[in-house]
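Following this line, the structures themselves.
Shared chain: subunit A. Partners: subunit B in the first complex, subunit C in the second.
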Partner chain A sequence: MLRALSRCHTPVVRLLSPRTAVLIETVRGRKSRTDPKAKSKLGLVKTPPPVDPGEMVVLKERYTEYSLILRALRLEFKEQMLRKKYEEEVGSVAEERAKREAEEHRSLMALNDAENLRMFQNREQRMQKEAEAAELKKREAAILHQQELENYIKEKERQILLLQEEAKDFITPDNLDQRIEEALDNPKNYNFAIDKEGRVVKRTAFQR
Partner chain B sequence: MPMKGRFPIRRTLEYLQKGEVVFKKAVKIMTVNYNTHGDLSEGARKFVFFNIPQIQYKNPWVQIMMFKNMTPSPFLRFYLDDGEQVLVDVEGKDHKEITNHVKTILGKSDKVLEAEALAKMELSNPANFGPKKYFLRECISEVEGQVPHPGFVPLPKEMTGKYRAKVAAASDE
Partner chain C sequence: MSSAKDTTSFLLKKYHGGHVVIRLALGGATNRPFYRIVAAYNKRARDSKYIEQLGSYDPLPNIHNEKLVAFNYERIKYWIACGAHTTKPVAKLLGLAGFFPLHPMTITEAERRQKAASIEEVTTDNQEQVEQKETL
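After this line comes the complex of A and B, so read on.
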C-alpha cells in the first residue's frame, strides 16, 4: 500500500562514485514542461558534491554490510509471518480448528435431532388426541342422527293416528245424505266478535 | 409515498442491521416450508415475515426459498456445502424461538463475530493518513483544534518561515 501512496515517481540516479559529470535528472517541481529555464540559471552547470575516494571505499563497505544485515532481518521477519500465515491456513492450526469445528457441528446436529424428536413426540400426542376427539364426535353425531330418525318416525306415526281419528268424521258418499240432513238441522252462527285476547265478546242474534 | 407495505420498518437499514443470525460458511441454501393458514404455522409465518429479511441482509450469498402449503406441518431445511441436509421442525414454535434455535445450530457464535469484527478493524487504522478513499484524513490540518491549512487560512506572521528567517538574520547582525 505504501508503494501505491508514495509520490516518488522520478528516478534520481545517484552513484556513490562519480563516473559521469551530469548525473541527476531534472525533477518536475513547480514548473511545467513548457516553462523556459530561468534567466539567472542559463549558464549553470550543476555539479554534484565532491567525493573523497578513501571515505568512499570505507562507506561502501559499511553500506554493503549494513544493507546485507537489514535485508537478512527483513527476509527473516517476512518468512516468520508467512510461516505463521501458512500454519494458520493450511497447517496444523488449521487442522485442529477443522477438527474442533467438526466436533461442534456434530454436537449441534445432535442437539437439533433431539429437538426434532421432542417435537415429533409432541405432534404424535396431539394427533392422537385429535383423532380421539374426532372419533367421539363421530359417534355422538351417529347417535344424534339415530335419535333424529326415531323422532321423525314417531312424529309421522302420530300424524297418521290423528288422521285416522279424523277420518272417522269424514263425509263419504255413504253418509252424505245423513250429514246434509244434520247440517240443515243445526244451523251455525258465525257472527261474533273477539277481543284482543281471543275470547268471544259479543254474539249477534242468529238471522236466517 | 415513502412507506410501503404493512410493516415498513422491515425495510429500514437499522432493522436489517439488527439481525443476529450470520450463517457459517458451510451453509449454502435455506428452504422454508410453511402454510398460509393454521395456528401451528403461525410462528413460521411470522419468522418468514419478520426475520427472513434480516437473515438475507446478513447473508447475501445464501439462497433462501419459501414454499407455501406443500406439507401439513412447517419446517426449515438447510443444505450445507458437503451435501448434508439439516432439518428443523418448527411446528407450533414462536418466531423468536426459531431464530434462536437456528442461530445456535448453524450461526456463527458471538465470539467468532467479535473476532471477525476486530480483524476487520485492524485493517483500517484511524491513525493513518492518506487519500480519502482509504483513510479518514489526508492531513493533520483537517483535525479540529490543529493549525489550519495555510491555503485556506493564512498563518500568523510569527509562524511563517520568511519572518523567522528575517528575525534570525536581524538578531545575528
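After this line comes the complex of A and C, so read on.
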C-alpha cells in the first residue's frame, strides 16, 4: 500500500491562493492508487478554508517581521559560534591551555629527574656494598684455601714421619734371616679369652 | 559549516543535499504521546536515529494542568548556527518559551479564539435577555 505525501507542507494561508476550488488529487491514508472514490464523496467539491483579507494582511506583516528576526538570530548565533571556535583554537583559551600544558610538562620532567637521581644513588650504594662483600668473600676464600693447603701438607708430613718410623721395623732381604731366627726363637701365644667386663685371661684351658 | 556537521560522527550516513532539522520525534504508548525535541537529518524517518536530543515536550497536561517542555538552549544555538531548520511546532514552542520571537500563527490563533469567545458571550447574553423578556 502506497503512502503518498500531500503536495506541499506550507499552509494554504501562506500561498494567498484565490478562492478557486483546488482538487487535491493525491490521496493520503488507507486507499491505494487503484481504489475508486467512495460513493458518498462522488459529487464532492473540496474548497480551501476561507481567508479573511484583513487578517491576511496583518499576518503577512507579522510573518515578514518574524522571518527578519529569525534571520538576524541565526546570523548572530553563527557569529558567536565562530568566535568561540576561534578563541578555542587560536585565541586566549588556546594560549592558556598551552601554558598549562608546558608547566605540567616541566613539573613532570622535574619529578622524573628527581626519581632517576634517587634510583641512581640507590643503585650506586647497592653496587658498592656488593663489591665490598665480594672482596671480603674472596679474601676469606683465599685464606681458607691457604689453610687447607697447609693442613694437607702437615698431614702428609705426619704420615711420612709415621711411615719412616715404621720403616725401621720392616723386614728387608738383609734382615730376613735375622728376623726368621728371632721369630723362631720367640714363640708368641695369641690365645687369650675376654670376659664381659673386658678382663683379659691369658691362661686358657688349652695351655700346656 | 558542513565541517561542523560532519564532525558529529563518522558513522553517520552521507546524505546528498540533505539538511539538519530540529523537530519533534513521537514516542510513548497508545493514547499517550510524548515528543522528544531532536536534531536529525531531514531525510531520516521521524522516530529513527537522530544526531542529538535537544529536549522534550509532553502534550498531555499534568496534575497541575501544565504541559512540560524542556530545551537545551546551548545545543539549540549550536545547531541553528550550523544551519539547522526548525519545524512549525518546534518554532511555536520556542516562541512561547521566549528563545524565538512569538510565532505569527500563535498570535492569530489566540486572536481568533478571543473573537469567537466574545461572539459567544454576546449571543448568550442576547439569549438570556430574550428569555427574560419572554418570562416577563
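General remarks:
Just so it is clear, the second predicted complex is superposed on the first by the 135 of 208 C-alpha atoms of A that agree within 3 Å, B and C clash if a C-alpha of one lies under 4 Å from a C-alpha of the other, contacts with A are read in each partner's own complex, and residues count from 1 in each chain.
Convention: a residue touches a chain if its C-beta (ideal position, glycine included) is under 8 Å from a C-beta of that chain, and two chains touch if they have at least 3 such contacts.
These figures come from a predicted structure and were not determined experimentally.
Of the two partner chains, subunit C is the only one that A:K78 touches; subunit B does not reach it.
When the two complexes are overlaid on their common chain A, residue A:A141 makes contact with neither subunit B nor subunit C.
Of the two partner chains placed by superposition, A:I171 touches none, neither subunit B nor subunit C.
Contacts of A:V57 after superposition on the shared chain: neither subunit B nor subunit C is touched. After overlaying the two complexes on the shared chain, residue contacts for A:I69 are found with subunit C alone; subunit B is out of touch.
Interface residues of subunit C facing subunit A in the complex, by the touch rule stated above, are 1, 4, 77-78, 80-83, 100-101, 103-105, 107-108, 111. Touching subunit C in their complex are the following residues of subunit A: 55, 58-59, 62-63, 65-66, 69-70, 73-74, 77-78, 80-82.
Subunit B meets subunit A in the complex at residues 26, 73, 86-89, 91-92, 101, 104-106, 130-131, 134.
Only residues 1, 5, 105, 108-109, 111-112, 115-116, 119-120, 122-123 of subunit A touch subunit B when the two sit together in their complex.
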